[in-house]
Every structure is written in structure tokens, then in C-alpha cells.
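After this come two complexes, each holding subunit A, first together with subunit B and then together with subunit C.
Moving on, here comes the complex of A and B:
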């Protein structure tokens, strides 16, 4: 099988060091299409591939049946042996040239129009709502893994990988950006699908600001920068299962979100606030966000409905 | 050594055909040791949620549920995707009761489906029940094969021997029924895509069962136990290599909507008696032996098995029972022609089940817990009953 895969997919370039290993751009020699190859090295014992890997990859495959316009296509999966202790699972995704980071960088001077931002947000939330209803969370949403095609279509990438990696990841120290992490992850509390909504909120703000919203350089610094804007949460909202105490932070009051995102309109500011809510249980869901008046007040480009 | 391997294996497979076929199972059971020694799946996966309390899932659900006439107040349902606009097939006992129901069928049915799925413990959240059902109906279409052709060197008979053996292993492992249906589904697909020699057929079979168990079960057997089940005809290495091969060829696509879920759903809506349900489950499991059944939708197999079960048992009809039955089968699952042809296949399989070498399912369903359904005398003449009826 290893042989067959390396023949079918011919590496063209390395396209990123990702948190979970190297990603290659490759050409599918059968179709001529470009693909993105992501390999996960999984620890295997004498009982073969771990149950968690089998189930998670199977779930990603299942999502393929729905052919959702806002998630990246998973075209092929392959398991090859590396050693008795390690199996390589290669995921072959459709390749999209541009991510949201470069898309934002390339936007000319005043930045993206409010209509464009609204359309991007709508597509992003559609993709997210789809993943969440299928019980898949992204957990590492950031501009780098939100792809934007040349037609302006948003496609989420790298979702569901976090779970595949986390259990059996090789023990290499990795630098992961903290900027889009929600408080519950920074505090190492339990978390679920609301994590992605926090990240989406950060990205929403970034589309207006053209620079990241919270740029911390450590967990505590990141939390400090967050509380600087959303205020220190009340004692009763502070998770009980964490080691970091609330007393480590100064008692700050929330600032109006328009202080940090002046370009946003009223409805947008209201939605952003609901996304950047400290308590994950009170944070808005992807489905409810799509129902928010921000998306309904005027006609929006509806590329998702094509 | 290749030669040795193949003759060895031929022996293993063929030894399953003779009469003392069930004897090795005892030694297999001993070799496997008590269940506590099995590796337990520590994955905190979402599967665990569904898989809790397997007993409760299928056993206590048949206590008769009462439907209140208040269902009239349920929200109107628009047959969005045409799933059920077309009413009904097969009314063996006439149409009485249906007429007044017809107008109410869509919303009534929706409510019934939701209640049944909840009773069957197939959903986490009541709000998503109807979506889940529509998804079951839709995604099952991905789970049929376009034809029943096997690669040239395999026959339906060889396949049936392998299925029979897998059913025995499955039973001995105390796996859930979903695991069996998934395993045979994976086998049907990989038989067509993985190049295997007859000598490696058993290996392919056990790997399909192993993968299905990884997807469905909480407790897994050790690979070494699986190897000893096959008299160490294959090494652990060979088994793990086959696992990678099968997963790669299937591209990790392990989703399947087992026909059993449809059967239990239909039976729950139709208020079938325990005996009809067991008979239906027996007939449905017999479909696993029939290579020609791979082209049918899981819901069609389930519907046909349940119809045939009712035909065979001929329980005295009641007005409520007839109405519930008509409601259940207002779910459009296929033409009468298709269902009738499946019923013929199952009827003839049931008629000869006892005399076949491959009789694991016959034996399984002859137990008191399954109400001895496989020994029901009417099964011997089931094909005849169908002919008269059609």
C-alpha cells in the first residue's frame, strides 16, 4: 500500500509544518489534481491501529457523504507501517491555494468590505454548524486553516484532526499559537464545541482589524489580554476544575467591544460579544449565530447556497 | 511455505464444514479466557455513549407501548423529500383501519418514528430523531453493492462458509449484533477490492470482524486470541498487515446503517409481537449468507424479513395491530416486486437452513431465548405460503 500511495501522490512542495507534522502539496498522478497530504504517525501496539484512530478517521470519512460546501474534501486515507510500534495514517485532502491569513493580507488598503466579511462569516459558521451537528469539533481554528478558494468559497480544513493526534501524538515539542484559544482551553478546563465559537469570534474581529485580537505569548498572558477586553469574569463563572486561580488577575471591567473593533456595526458587535463570552455554556452556538440579526438585516452574498 | 500455508488453511476452512464443526468453538472459548482478560477500550469516544447498556437497548423495548390519540395535535409534516408520500405496500390482511388514518399518516408516522428511535436508544437527543431517521433512509443508499458478482475464484458457497464461521466467532465473543452486520458488510466490500487468495480468505474475514469490533465494541479480543482461533494458520503480523490493507482499501469508510436497526424500528412502530420480532431477526440474519442480498437496501431487507415473519407466524390479527402495521409500512422502502423477491430468497433459505452445513444462525435462533423461532414448522413450507399469497 505504501508503494501504491507514493506512486499515486507525487510530492510537489512542503506547505507547512502544522502542529501535527509536515504537510505536503502533492499531485495526484491519476487525476492531475493537486492534493494536500497530511500524515499522522500513530503509536501501534500488538493489537494494531488504536480504536480511537479507527473511529475518528471513519467519522471524517462519514462526513464526506454530505459533501458540505464549507468543509475541505477528504479524498483518500491510507495506513502504512513504519515500524512495529508506529503506523502512518495519510489523509489526502483537496488542496486549496489560499488561506484566510493570506486572503486578509492580500486585501487592498481599507481591508475587506463589511459585506464580504459578513459572507465569509456566514460560510465559516455554516461549516462549523455542520461539523458540530455531527459531533466533530475543530479545536484549533485559526486563519491558517480556514481556506478561501479563488471564487471566495470558505472551506474549513484540519477539523477533527486534533482528536486523532492528541491520543497518540509523537512527543515532539510543538509551538502552537495561543491567540485563538478560548479561556477554558487556556485554563485547561473541560471543553466542547463552544471552543470553536471563541476562535471564530477572534477571527471575526481580525477581519475588521486586519491584525489578531489577542496576541498573548503564554497562557497567562493570553488570558490577561482576554480579560483586558471582556473583563474578569465573576467568581461563580470561574471553572472549579482548574489550578490557576482567579486571584492572579486584576479585577477588570469589560470594555465595549467597539473599542477594539471600531469598524464593526451594531448588530455585528452584539454577535461578536456573544461569541467572546467567557462561560462556554452561555456562548452562542454556531446554529444560533447563523440566526442572528447580523446576518438578516440586509441582503448578503449567498455563495453557500449555490 | 506458501504451499504449506494454503493447505493448512484449506484444512481450517474445510474442517468447519463437517459435523463436529461446532466442537472447536468450545476450545476457542477456553483459549480466549474469561472476558475480563480482554483489552478494554479506553477511548472516551462518543461511541461509548450509544453502547452503554446493550441489554436495555433491544430487550425491554417490546413491552407494548401505548399511543395516545393526542397525536392529532402533532405539528403538520410536509413530506419534504418524498420519503413517504407514496403509501404502503402489501396488506395481507386487508385495508381496514387505513382509510381514516390516511390523512393523519405523515405526522402520526413522524411521531411514531421518533418514539421508536427513542425506545430503541438510537438517539442522544429527541430533537434530532427525525433528522436521524431521514439520514438513515438516505445514507443506507451508500451501503449497497451494485451487483452480486464475486471475484471469479470465490463462490457463494465459499462465502457462506466464511460467514457461518464468523457468526460463530461473533457469538462466542458476545459481540453486539451491529458488529456482525458491519463485519459482513465490510467483508462484502473488501472481497471485491482486496486481492486475496482462497488461502487468505479466513484472514480477511476475521480482520473484517476485528475492524467492525473496533468501531462498535467496548471490549476487544487480543490479536493473539484471534490467531489462536484460526489454529495459528496466520501470524499476528499477517493479521495486522491485513488490517492496514483493508482499512486503506476501504479508505476507512466504516459507516453502515445495519438492517437490524430498520427491522427493530419498523417492528416497534408496527407493534409486532416478540415472536414476530425474533422471527424477523432470524430471517434477516439468514440474509447474511445469501450473496445475492448485497444489492438490496438495508431497509428493504428488514421490511421483507418482517413481512415474511408475519406471514409465517400467522398470528390472529387485531384492528390495532393492523393499523399499526399499515402505518409502519407507509414508509416507502421499495416496490412490491423487490420486497417479494427478497422474501422468496429468505423463505427458501429458511426452508433449507436446518439441513445446510452452514447452520450457525439456525442453531443460534433455536434457543429458548430466541423463542425457538428457527424451528418453527411453517418455515419448511414458507416458499409455498408466499406463492399462494402472491
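Moving on, here comes the complex of A and C:
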């Protein structure tokens, strides 16, 4: 790890704060480019950095060797000793000056073309499949951390940090959006890669709607809004280890997804439904989603038929 | 100057609504944040709506980075966002400004392969 962050990377603005530390937009004074600095303070003992931190950082560096086009580059990792008990670990990531939120807002009415949406979704799922294959979960996918370059290239940001942070989470309450959270997280039941597919489904719908799909203002409200569309799941699918009872929700039947995303085509609606599946074990995976007929162009479909 | 710090954060995050409301509540459009930068210097370059609001409120588009000499036009050209490049030029950003490596915005756009930005800047 290098020890010269402050010289090469000069912060120019704070772009995020969280339970885990602060995120800065900074300038790499050598290349002139903007970068994102994400720092986390970790407690150290006589053995130095905790094994968990070293392991997570090593995993991120290993991912970096694949140079995947749909995840942001990890350019550098720096450790600064603050005291005998505390070290600041700074991850230096590529900074892309546009996120999906801005990209969607910029699109003139009536919004993005179906082809553009398909291309964005394909790139998003490629990035996600790559992370999941390497056993990295994102856990907090939302339009703000899906970046889009001026050339239309999608790059996922903020992945793999959740675990680093959760080991050293300060007890400061932070406001995080609930809108892209899957039922199993809202119910505090399980956390695995299907979590990211649910969020991707919400974002897929949002690309057509140009407004978020489920805008809850509390966990229960968020679940209510979800069941309003996907229906109340059957008793046998309700996780057994959770405090919130299924009886708290009205017995709603699923509505056709096209009620809430009228612009989507048939194949798209079918894929979206597979992503917005209540049971995480039955939810489609990123790799299988990429194989879905929605992504086969008309030509390929005709060829297979003939 | 907490308001200016909030303003640069909102600009860097592409949050147009927040930028507008901060300007209305008295944040100085050319005020420096605690890192010595103005909002237009650190804004999300892909957000032409943030650029528009800041420039309309009198943001100076010719303020250079104290370390590298980059102007907002250099940065918009480097990242390839043509809408923002056009806006900056419309609001009198100097296309001939040079950074500390003696590069103009068009040179930076060329280095980064943004043909549309190069074509626009060469047409001026």
C-alpha cells in the first residue's frame, strides 16, 4: 500500500458521507483526472490491520486484474496511520462524471429508446454477473452508483465496500434509500446475491417509467408498496425467522407488471417479473438474465425459429 | 462557509434541485468550499442541468484548478460531455485556456478520444 495519498490525490469536494467514512471527489494531480476517494477508519492492534480488512482489499485488487468494462477501476489503495490504534484505509477509484440518475433525467421526453434501455441493462447485468461470479455482492445498487460515461458505457461503483465497512461501522445513523431494497432485506431475513437482482429489477422498471417503482418511506411501507404490485406471497414463501408477520399485510393478488411499466415489451415484462420475484431462491440470476430472450435481437430470434 | 460546501457537494452529485435551493437561500455561486474550489469546478460534468443553473447564476467558468491549471472546460472536454462543453463556451469559457501542461481543452478532448467535442471546439 502506498503512503502518499495527500500528495497525489487532492480532494476538491465531499460527495458522500456514510456510517463508514467520507467519500471525496478528488483530482489525481499526475493525470489531471478526477477520482473518487473512499476512506474507512479501521482499528489496529499490534498485528496491524485486521485480517478481514486485508482480505477484502485483496479481493477488490484481484477483481481489478480482470479489467472488467462494467465496473469502475480501483486505481490505488493507501493506508495512513492515524495513531497506534487507528489506520485510515483509502481506496482510490475511477470517477465517472455522470450517474444513471442524471442520465435518465437528461433524456428528452418520452425518455430512453427501448434499444438504449436494453443496452444499459445488458451492461449492468454483465457487471453484476462478473461481481457475483467472484462472490462479491453489491448490496446497495441504485441509480446514483450506476455510472454512465459520455460514451454510454455503464460502470458499477461502490461494490464490495459493504463488507469492509460493516466490520468497522461507526454507530452513526445514516439515511439510506429503501426504494431498491428487496423484501428479504426489508424483513431482515437473508442477504445474498439475489439482493442485487431485485435492485436491478427496480432500476429496469425505472428506466421506462423515469420515476422510481416503489417509493416507501419506512420498511413496512416499502413492503406494502411491493406487495401492491407483486401480490402478497403465499404463506410457505414467507421467511420463518422474521419478526414481521405476513398477517400485517392485506391479501393482495399480483398485478400485471405492465400496469406499472406500460412501455415495456412482452419479453422485457417477463424478465422484469423474474427479477421482482419475492423468494430470493426463485429469483433469476445475473447470468441467466443475460441469457433471457429479451436480450436476443430480432434477427437471432428469427434464425432460431427457422 | 458551510453553505458553499453544501453547494459544491450538491453540484458534484448532480443534484440540480438542491443546487437551486441553496443558491436561493444565499449560497454564493462563486464561493470557495473548504478545499478552495467553486461549484462549477467540481460539478458533475455530465449534468448539464447543474451547469446551466450555476452559469445562469453567474458562475465564473474560467476559474482554474490551483494545482493543475484545469478549467471547467478542460474537465468537461476530458470527460467528453458535449452539452456541458457547449454551455460553458456559451457562458464565455475560454477555449484557448491552457493548463499547467500547456494543453487547451481541445487537446485534452483529443487525448481522450472525444471526437464530437474536438469537432465542436475546433469549429469555434
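Here is the rule we go by: the second predicted complex is superposed on the first by the 283 of 306 C-alpha atoms of A that agree within 3 Å, B and C clash if a C-alpha of one lies under 4 Å from a C-alpha of the other, contacts with A are read in each partner's own complex, and residues count from 1 in each chain.
Here, contacts are C-beta pairs under 8 Å (C-beta built on N, C-alpha and C of every residue); 3 or more make two chains touch, one makes a residue touch a chain.
Fair warning: this is a prediction, and the values are worked out from it, not measured in the lab.
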First, second, both or neither for A:51, with subunit B first and subunit C second: first
Subunit B versus subunit C as contact partner of A:77, first or second or both or neither: first
Partner chain(s) touched by A:255 [first = subunit B, second = subunit C, both, neither]: neither
Touched partner set for A:98, first subunit B, second subunit C, both or neither: second
Touched partner set for A:282, first subunit B, second subunit C, both or neither: neither
Of subunit C, residues touching subunit A in the complex: 5, 8-9, 11-14, 16, 33, 35, 37, 41-42, 44-49, 65, 67-68, 70, 74-75, 78-83, 99, 101, 108, 114
Complex contact set, residues of subunit A against subunit C: 10-16, 25, 27, 29, 32-34, 96-99, 101-103, 105-106, 144, 148-151
Residue ranges of subunit B in contact with subunit A within the complex: 39, 41, 43, 45-47, 128, 139, 142, 210-211, 214-215, 220, 222-224, 236, 239-241, 243-245, 247-248, 251-255
Parts of subunit A lying in touch with subunit B, wherever the complex brings them together: 1, 44, 46-52, 54-58, 60-62, 64-65, 76-81, 87, 133, 135, 167
